[in-house]
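Input: structures, listed below.
Look at the two complexes coming up: chain A is in both, with chain B in one and chain C in the other.
On to the complex of A and B.
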């Protein structure tokens, strides 16, 4: 356990394993490298993502927790705030403070060292349920979500079935 | 000024056409020369011609195209006419061994592949195919054990792995049941 960053990540890993939040499993891909994690997030109930399990890769910078990790889904996720098809998640908690030229986000919503992996994953879960329409990463998905909700939900459900091999 | 802007695109088109014509001319003897084993029957076939027809009609089998070109003496427009008029190409006999352009065939197939190729599903990704049909374990027992933090690094890793697998298998079983109930 060398650096402060890997110590902090180890602590977070222990907390997440001992008392995991509902529908979330997360940890390093291998303890040899604490800076690459894999998380599984359950689709929130009452949304088209319900029943799905969404794997994502988290990559932490060497100066974590000063800077936030990046997060990328490893299955197709059709969502206004997820870049398609590469899966990068774009939500405020993953943006460093002071990095918002458009002023869409409150400083309090953005990354700071008092946030954590757990808070990120819970934010992503609620993002799945409630997309942020203001600064979409996937413009097509945002438009579909706004204008053709039924089509959007069908596409999301199809992806869930496919991702589970059905 | 207006004359100049008109001339440059024309010049560019002329250069491209000449380069293509020269390349086509020089690729012919090479293509036939490198396949001495193919023998006389296929020596006149030009892979570029097969490719040309295959690009116009991607639904056609390259072997059948080659067979048709072989029999009409490499007449691309005759083969094209035949396909356009709705007549089917005769399937190539198994013994027929056309000079198929492998390197050239790949870039044609590629553009659709990355766009369509979605990520592998979770069962494949986590290698769970053989665990799918196993009876579901008592969740209370296994999950309870996996949740505790182990002091042993390997055990921790195994616990994490088990929790991942259980989460995916549970989701899959649930969805399967839901589909059956429909």
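On to the complex of A and C.
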């Protein structure tokens, strides 16, 4: 405690646990270390991810909230914006401002200190529903999503079923 | 960590009878640190942040966190109105929250056991509750309309802190007497019973450090500490920068990079202190710089590495370094196998002259059930089964199955073993030793030929 980063993380944890958004749970893995969190995200309804619960790990830098955390899914997620197979999530809100060599993203979409864990997780949830195939982290998944949607959805559903042990 | 559970947060209001206060309080908190504004300043783009927060952000990327427009530290102006609102709100927060909580609690009691418990105003209350259990918002909106105002009177309030303040009035921060806001200053200067006598006591009772207005006025008269200018680090050599740090009275150790970061942080602390109405002493600022030093500055690494983290993830470590571990294990295996082979070789060489090749008169005596067991994994694989059956027959006929099997082993060994140029026999023996798991050969005497071909079938089947 004491540093601005851990204090703010603790506040976010409190706020998230007393007023959690739908389908999202998150908190530090251990209360001794505010800088590593675990999150559970429900697959959004009406998408092939529906019914799945996706555990993810968030790691925060010491100068949070000046710099964004990194996020990694702990299960297989076949998605244009998730690195396969290591699960790292690549969306604009997780990219520090000014770090965009390809100019794919608007500056306003990127990380800013007024963003929060809650907003990240909500963005990730909507990312699951609506992939951004302009700057894919998983090119194969992006191509499959664009060209063979049925195959993509089958694969995603299979992964969901596998992750639930069915 | 435990005391921090008391950290006040805007979500405290959610579980009270005034859930809408959550958004009110959230509006009074800085979006960067989520605390009440501390020395709020307004940017050129009209966004307000704590002075320290926006200064750190500007150093980080030079942009407003809310709208991403370029902002400069020297264009920041104190936002006095917000500062006053936050200070007042913090004074009343605790009491208001307590009141709203207690109110909620009473409602809950009334809802759960309204029939059993005798409340002072039971008749009215029960009807009321029955009508209003549907939604929170309905209730709170009705409440603000004054529908249930009579109940708000607290019959047995222990102290004046819980005094009810009618709408449009504010409590005097000292004696809690309700009055119009414009009257407060004259009230406190002239007829407030607590203004002179017990002002310190009342201040210590409230958690926030809002000052007695009289004191604040005096404070404002003293000249505010001057803001420190930015340095152009690129133009300064390390020694010059070190001297600057010494002049400022802050630690001057470390490399230039660290000196720059430390100086920048000191500017954050010092200049934001200038924007605050509760000016901290230099000693306090130095203490804060020390905290920074330990967490993000020069001492950060050392502290982190000193102790192993409690939740140290051994599995993850094992996973990330798997290739290295595998290599080590493989090395160890190879070395051990080589060593054993060498020993076996030496001994065989010693024994060889009296070797009994072909002097093993008893024909191999395979055990049919064991073979069936070994065959099981190949169920359905007819060609494999046929081969095995053939061999079994051959063995039963007393042929030289051993030899053919040994050839099999040695060819399979050629692919895997490091030293293929060893005699057949040495191979069959050493492979028995090197692979002791579940192999019946383990119980065999070292220098007699294995009588049981099952072992060797095993070896060929792994091929």
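Basically, the second predicted complex is superposed on the first by the 166 of 166 C-alpha atoms of A that agree within 3 Å, B and C clash if a C-alpha of one lies under 4 Å from a C-alpha of the other, contacts with A are read in each partner's own complex, and residues count from 1 in each chain.
Keep in mind that, in the parts below, a contact is a pair of C-beta atoms (placed from the backbone, for glycine too) under 8 Å apart; a residue touches a chain by one contact, two chains touch by 3 or more.
If you're wondering where the values come from, they're calculated on a predicted model, not measured in any experiment.
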Classify the contacts of A:148 with the two partner chains as first (chain B alone), second (chain C alone), both, or neither. neither
Touch check for A:18: first (chain B), second (chain C), both, or neither? both
Have a look at where A:85 lands relative to chain B and chain C in the superposition and call it first, second, both or neither. first
Go through the superposed model and pick first if A:59 touches only chain B, second if only chain C, both, or neither. neither
Where does A:3 make contact in the superposed view: on chain B (first), on chain C (second), on both, or on neither? second
Scan A:33 for contacts with chain B and chain C and give back first, second, both or neither. second
Applying the document's definition of touch, where does A:75 land relative to chain B and chain C: first, second, both, or neither? first
Check: chain A residues flagged as touching chain B and also chain C 14, 18-19, 30-31
Which residues, counting only chain A, touch chain B once they are in their complex? 14, 17-20, 25, 27, 30-31, 38, 40, 42, 51-53, 55, 74-76, 85, 87, 160-166
For a test of understanding, state which residues of chain B touch chain A in their complex under the given definition. 118-119, 121-125, 147-149, 153, 156-157, 159-160, 163-164, 167-168, 171-172, 174-176, 178-179
Within the complex, which stretch of chain C touches chain A? 1, 4, 7, 9-11, 14-15, 22, 31-35, 53, 56-57, 60-61, 63, 65-68, 291-292, 295-296, 300, 309-311
Tell me, which parts of chain A touch chain C in their complex? 1-5, 7-8, 10-12, 14-15, 18-19, 29-33, 36, 62-63, 65-67, 96-98, 107-108, 112-114
